[in-house]
């Protein structure tokens, strides 16, 4: 267990993709302290910014990094990590676990935007809220999250799972607009409400919204009413309206929306 | 005091464009941007006359501007304020990861403000942006 | 015989008209021909409210100073900052933008242009979908359907319709001006009648605020037609053959619905964005039936709910329409050189705006590296603003964080931003007092002319930026 | 043997005591590389950059004391482009498609492209003036206008892309073959190619017409390519070429559809081996993710329909069009692998290296940074065999490569990468190391006497990736693959003097107003607009 505690509050963005079990593995406290990070346009070291406590018994296999304190401005932590675990006690900045390939990240507080963007495998769990573009692709790319799991216990922002290609995103709170936009494959589960346009331009995959939605994008067509829906092993009981779409994209994605929470969608039943 | 729930739009107008070219401190500029174009019926509903001061409030702030009749109606419950320091006070700064704040279709509330005066530009800057 | 300077480009809006004629008498513009109201105002009044001596803030007050002092101070501010922002660039020449990018790279700053709050979202969705576009002349020659969606050219680009689209004449298409005149006549007589009736009856019998959605016959004849889609009846809407009024914040649904309809698919709903589906079907048929169609879109799409995804849908709609006919789409760019700013940014850094040089190479991620976000998060610690007025146009929260930090303003005019600055360097008016290059909204590069001499020791943006760059290099060399 | 350099030129001798001496013994010394066809600047390239942040965000160039920062992969930013060419020992690059109306843009970018000399070809094959003059058989008038256009756009050669097809694309149509009439203009692609070929000769242009044929990228199009070459056969005099067929690989497809698609390289090579009036460049395909961009609007739209990738289209009034589609060439795709094979087959089956030059039609076949790989394939059967082993079975079965033993020598490589291209462009001071030549020199860290490129192709490839030295105008700009000095190359343009120049009167100005949306006086680029202009004066026959 290696513990990092920030020495002071950051104003400008700090880029610290080197904070990752893969990099820390088999490094001494001194070596870790020398690792380079960016504060705005200044080159710094982890030692400049963090107190490092190096617990014993850290073999490269189950190496764990704990960050205690406010790192809300620190970006790209755990980027590309493939092993071990990162535990963050407070809030965390953008691009957490970007292109992650394995391991576990847990955040006690809130996470910034682009959590697990382009991730391939592993698990990210955020106890608080997440920003926009959870599990999204980089600008112009169609390669969003391809595998692994992101769990958000609070709310998530806009475009959750943008260009998603696989894996699972679970949001126990509510989500913003365009959840699952351009989604190709994979599963998004939303316990709370959606601000609308769920599944817009999706061509495949599955989106489940247990709460309220303002409306369904007109390019979706109703298929049936389902008593329950399976998410991996877990079964969620409905009933749900099941829509197919996005027909504007020749898509056959499946959008499940709670029937009981959305009486204003009852008019769709006449097409069944 | 009557209140009106409206959808706020901001944008360019030819007067604002011209006013700008007379200088931001000019009377023309103030006249062209410290205003709120409303549907005449909405103005009636507020029980005020054209050019009276109104206070418009969003989740992000409030501003006092002149109410003027929109020439191209109907657009009930939709009001328009040209780009400028006054509109900026009540815009939605959230970009949702796009870099673009929301400057159109913002839910807002309008009420008559007979007691309040529309600020001049220097006054506005002093009140909202002056550094201590 | 007074000298008339012809073929002058107008440094105001994205239409970038280049047929302006100016009469210049002893170094002053006395008459303007061919320009729109805004252009005339620009050429005749650009000297108003102008300050030509550099200013620097000393214990709270802006006081006059020397250019060298102002340049030195600016360089110091930028070099000392850990996350400086350099913003504006859309109302200056490409030559200046090239130097600006070099400066941003030198001081490891974030450089962004005003497209970040106009067509930034358009660019983001172009990067997802692509865009089927053209130069404006192509439309003057060929377009028989002209759609303005969420844009109001009459106010924002006053000569756009007359020069490039509905009221212009090209090789294969004639102007729709006559049709408009007859329509206008009808409207006026209707209004007069109403007024008379109201006077007689002493009460208002004008139509209640409802919307007549029937498609006029003119839409079905051959030749040019103009359609305006907007949330309110703009001046442009009155010029149009057909005005399609939509509920605020529902453009996305409408565009997606059109994508279905042009592929002859059925909708499960009876009305979209407050418009009955039958109407939409008719409009869709008109789109498919055209020889060449063009969809111009403005901030009415980029700034409303949905933002980039509204454009996403618009671009996809036009792309899909090319399966049935020829259709093109173009954003209505605001400032005369905002397109140029995107172009120069892109060839030097690979990215059109919101470029972060803090690590010595360009990085790009709007939402993270874009002005409004950086300011709202309070992350920058210094700023340089050129040819732009964020204090007047940024949301309050962002502007407040901007003026908290050391602020440099390079601008020919006194603006709310310059009043708040720590260093103000007055520059010469590009396109009037200095020449250069700028890009029209359709990426056609045109020369900016110099027609009068700038005031004494009022330098061009290029020279000012070069001086700051040189000074910054000197200071950095001293540091290491 | 020693090379003496003074004032940026190669001279008889210099005073060795005073001179800086580079010991290149045991190294391969060549003239600086010359690229005849490579999209590096202008409207279309830049839209490609804008379209693809995902293409460059992983491949970056960090700012150094002497270089600017930038991004790379398939459409590098301008500075990066210059540096990466210089690192490979290239010193001259030709940008092949410039919409005349947007010429300013191209030249602004070329001015920001360091390290290399450059030039650019205006697109004239679908310009209304040309179409109308050729329809009315007015070759002289056409020549006068083309001459004006060369100086107005600071251009170097006449570029023709899908003649007639681009005008038709204005209304979403295309032309099918050389004798298909262009809608509304009643002129055929054949007349356009022949007409501009005559114009090119009348104007004594240094380069031939530079042609991207009709039906590009369609199965069976090798017929169109052959017809295009044939249609100007009678205009040839002696051994001087009169037409350049560019990125020939893309127009050497046999077959009736993508299933039956195969190589037409043999037929094309046979024709070229028996005729001297034509030169070609390869347009070699590399197995990678790249960005296709041509002025051929209809072709690009077809590519969009094929791939479903994002698509950019940009039509330019009265002149041309263009399109962009990201594209990935896959080894396992029979079509892509066949394309890869065709490029190499052409280069190997055409006997005379002075007739075919090495290009990837960057970025269409792949980025120019892959040139060293192509050199390896051309020089080594082993290298070709190795790649053949990895490609689609169907393509391997059809490929002619196994039957070809030819391996290019270092001399022949020097021809297809520099000397031949310089000759085709008539850049007399480039592509050789004779006295009077520009001191643009590439030194590679391999010994041509000792190495066997057929076996040691990997070593060769490495050497060509990172020049030991690149010398530009007599200055060392690259050392061991590192940029040590940043220089700005010249921009060549052809200044044609005609006895009856285009008459500029009010009628013409009015015609400008009718044809374009810009005023006549804002169209031409003034000489001072270019940072380092190098006009080449030419006396025309008319």
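Letters A, B, C and D mark the chains in the order given here, with residues in each chain numbered from 1 onward.
One rule holds for everything that comes next: contacts are C-beta pairs under 8 Å (C-beta built on N, C-alpha and C of every residue); 3 or more make two chains touch, one makes a residue touch a chain.
Please read all numbers here as calculations on a predicted model, not as lab measurements.
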Innermost chain by mean C-alpha position: C
Rounded Å distance, chain C centre to chain D centre (Cα mean): 36
Euclidean distance of C-alpha centroids - chain B vs chain C, Å: 21
Where chain A and chain B are represented by their mean Cα positions, the distance between them in whole Å: 39
Centre-to-centre distance between chain D and chain A (centres being mean Cα positions), rounded to whole Å: 45
Residue numbers of chain D (touch at least two other chains): 51-54, 57, 310
Residue numbers of chain B (touch at least two other chains): 96-97
Numbers and ranges of chain A residues touching at least 2 other chains: 113-114, 132-133, 138-140, 177
Interchain pairs in contact, sorted by label: A-B, A-C, A-D, B-C, C-D
Contacting residues of chain A [partner chain C, same complex]: 11-13, 15, 38-42, 73, 94, 113-114, 132-133, 138-140, 177-178, 181-182, 197, 200-201, 215, 217-222, 246-249, 268, 271
Of chain D, residues touching chain C in the complex: 41, 43, 46-47, 49-54, 56-57, 60-63, 68-71, 75-79, 101-102, 104-105, 108-109, 112, 170-172, 184, 301, 304, 309-318, 321, 324-325, 513-522
Chain A partner contacts - residues on chain C that touch it in the complex: 81-83, 107-109, 124, 127-128, 252-253, 256-257, 259-260, 265, 267-269, 272, 305-306, 309, 312-313, 316, 357-359, 364-368, 378-381
Complex interface listing, chain A residues touching chain D: 137-141, 143
Complex interface listing, chain A residues touching chain B: 113-114, 131-133, 157-159, 176-177
